[in-house]
Amino acid sequence: MPLVYVTRKEQFNAAHKLYNPNWSDEKNEHIFGPCANKNWHGHNYDLWVTVKGEPNPETGFVVDLKDLSQLIRSTVIEKLDHKNLNLDVPFMFGLLSSTENLAIQVWIQLEQPIANLGCRLHSVRIAETERNSVEYFGS
Amino acid sequence: MPLVYVTRKEQFNAAHKLYNPNWSDEKNEHIFGPCANKNWHGHNYDLWVTVKGEPNPETGFVVDLKDLSQLIRSTVIEKLDHKNLNLDVPFMFGLLSSTENLAIQVWIQLEQPIANLGCRLHSVRIAETERNSVEYFGS
Amino acid sequence: MPLVYVTRKEQFNAAHKLYNPNWSDEKNEHIFGPCANKNWHGHNYDLWVTVKGEPNPETGFVVDLKDLSQLIRSTVIEKLDHKNLNLDVPFMFGLLSSTENLAIQVWIQLEQPIANLGCRLHSVRIAETERNSVEYFGS
Amino acid sequence: MPLVYVTRKEQFNAAHKLYNPNWSDEKNEHIFGPCANKNWHGHNYDLWVTVKGEPNPETGFVVDLKDLSQLIRSTVIEKLDHKNLNLDVPFMFGLLSSTENLAIQVWIQLEQPIANLGCRLHSVRIAETERNSVEYFGS
Amino acid sequence: MPLVYVTRKEQFNAAHKLYNPNWSDEKNEHIFGPCANKNWHGHNYDLWVTVKGEPNPETGFVVDLKDLSQLIRSTVIEKLDHKNLNLDVPFMFGLLSSTENLAIQVWIQLEQPIANLGCRLHSVRIAETERNSVEYFGS
Amino acid sequence: MPLVYVTRKEQFNAAHKLYNPNWSDEKNEHIFGPCANKNWHGHNYDLWVTVKGEPNPETGFVVDLKDLSQLIRSTVIEKLDHKNLNLDVPFMFGLLSSTENLAIQVWIQLEQPIANLGCRLHSVRIAETERNSVEYFGS
């Protein structure tokens, strides 16, 4: 049976800083440079969620992209968009707000709800800037 | 021996609608929403074809991209560009014109001709919009 | 007083064909080529609406972009998106569905409603493909 | 003599919020919506600076783009990148951090230094997101 | 009567170097830096040609974009694409191959042929990289 | 333990030609077409380097992207940018300057230095134009 991969792109705009509370301000500044700016900085993040499955013969869809978009928005985008990743996002509490950690946590949030739509989560990719991105395929 | 993946991007502009003839108009509208508009809608589709193989020592090429482009154009683009995916494309007859089905059928059209060029088809990716895309790697 | 130009981008996906009813099918095909395909083709259209005005000292805004986006969507996008430009769009009836005519008609639809928001319409730009676009600044 | 327009694009990543200190928190939230989030949000801002002048016959340049880039970076980017537009940027103190106000202030910072390079500032364009941008041509 | 602006984008890939033959190699290197590399470097150039005119009531077109594209290709792209701007392009002989000079010369090549198509050349824009571009509107 | 893939994009502008010294000029022109132009042509090349590893709990990083960018620049970009791929780049001597060969050689240059940063090289992707790209995952 044909396995097809379907990708939906969403976006969110958020503030954050890279800061390890076990370190001095000096060490944070030394390691993270301007990303440690105490008054925060921010990004337009792009998020690509890829799911896989077999197309339903009645619709031609692996998943209805309206449903997938709605699920991504309600599960993660509403919690991330126009927020502070360090202060406002429960699933990031206690974690450094690197793009790596963000991708892992978005995966954890999405994996079961996407299974409930009848397909499987394949990857979560997040671009922090045009030049820097990460991708996570689960553990 | 080094296996290298080579990707060529092509584009086509087409009309379509999502419509299951086994369903009432109401059910089509309920499931497919505005994509079921009876007078059609359309897209600028982007198509990425990825092939794999070892570079030829005399040319440095896995495949001459002029040949690959020419093959993709004559095999699929000429049948899709400025066409109606539901009415004009023989290899889509009887199928829902979802991007999933389109990617599977483009794969079927391209697999053997690309083998004849001396490399192997790796994936067919089609983006219907900037936010929605599918990828198929064969069965 | 500082005059600032503000641009909002929206998108719509539509079917159309180029067809002059005063001509024979042969002449339509000769002049318009594949754009005259009788079963339609389609595009992802990008629309940029630029307005101008002085920023309000209390908000820093020439116009609230949520209001501008909402106005563009209700005034033109809802009438164009997932539609057939020749059959479904009242403000295009009787006109060739060229991008030039589309930009002029979108301008006519938007000019007064944008004035009602407290700024002036400066230009309407529409891209039919990545390579072809038109811009209209009013008459 | 030929007048040529030369554009350099730079980028910066910053946090901000839209907040009018003369208003209650409720009114800020009512007017600015999620842009008023008290813990900030942020963006990848794109900045295009366009200058105009006649090409120097000895270099073919209106301006050496290395010099223009260096000037934009030292004059504005270093003050904006990885900063909080409300708290960290002297030339934005006391102003609402709308993109409109940002473009006007960037113009003010750049106008004289660009004249010192031997050409004239023509416009400052800033995109806050892919869909929202402003342009300022001076007063 | 409505004046509409129509833009066609074309591309070419070329080698060049910035080198003033009246200067020593040292001065060329000092002024132009790595752009003076004696063995050349190169770019994917993007070219946007904007014309203006009134739409023809029979076609809806200011200009048939197939004709405009064909004219741009035969008049300038064929002379620039896969060429060396310093050695292979007659209309650049004796000129520094800056993007400014290139835009001026492309304008000169295109102005009369575009008038022969029944519209007027409005601007020539050339991007050498994603960050550096020039635009020329004629003298 | 979570394995995360991190991608950094860099760019370089270079001249090259496709030319097999064992062939006559006629055969080179026949096989490579305009890519064999004796006076060279050139491109803006995009390079994506993907590494994989587990995020460091103290930084949240698989690799500090400042370090990865610095390593890519010193190891390959400085040798490629504003250079002639056939004449100026030691690691390309004796090889046809196809994008395939370039990707393989960039991999060879980067594999050990990236291991020294504490992560593993996953892939090297190079786009010669918007439509043509190659990817190499090692042998």
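Structural remarks
Every chain is named by a letter (A, B, C, D, E and F) in the order it is written, and numbering of its residues begins at 1.
To be clear about the criterion, a residue touches a chain if its C-beta (ideal position, glycine included) is under 8 Å from a C-beta of that chain, and two chains touch if they have at least 3 such contacts.
Worth saying up front: this structure is predicted, and the values here are computed from it rather than measured.
Common partners of chain B and chain C, by the touch rule above, are absent. Touching chain D and chain F together: A, E. Most remote from chain B, judged by the distance between CA-atom centroids, is D.
In this assembly, F is the chain whose CA centroid lies farthest from the centroid of chain C. Annotation: the chain A:chain D pair of sequence copies touches via predominantly the same residues, more than half of the used numbers being shared.
Put simply, the C-alpha centre of chain A and that of chain B have 28 angstrom between them.
Chain D has its Cα centroid 42 Å from the Cα centroid of chain B. In chain D, the residues that reach two or more other chains under the touch definition are 130.
Contacts between chains form some other arrangement here, matching none of path, ring, star or all-to-all. By the document's touch criterion, interfaces exist between A-B, A-D, A-F, B-C, B-F, C-D, C-E, D-E, E-F.
For chain D in complex with chain A, the touching residues are 11, 13-16, 34-35, 37, 39-44, 81-84, 87-88, 129-130.
Considering their complex, residues 1-10, 55, 58-62, 64-66, 69 of chain B touch chain F. Against chain F, in their complex, chain A makes its touches with residues 18, 20, 22, 31-33, 95-101, 103-104, 130-137, 139.
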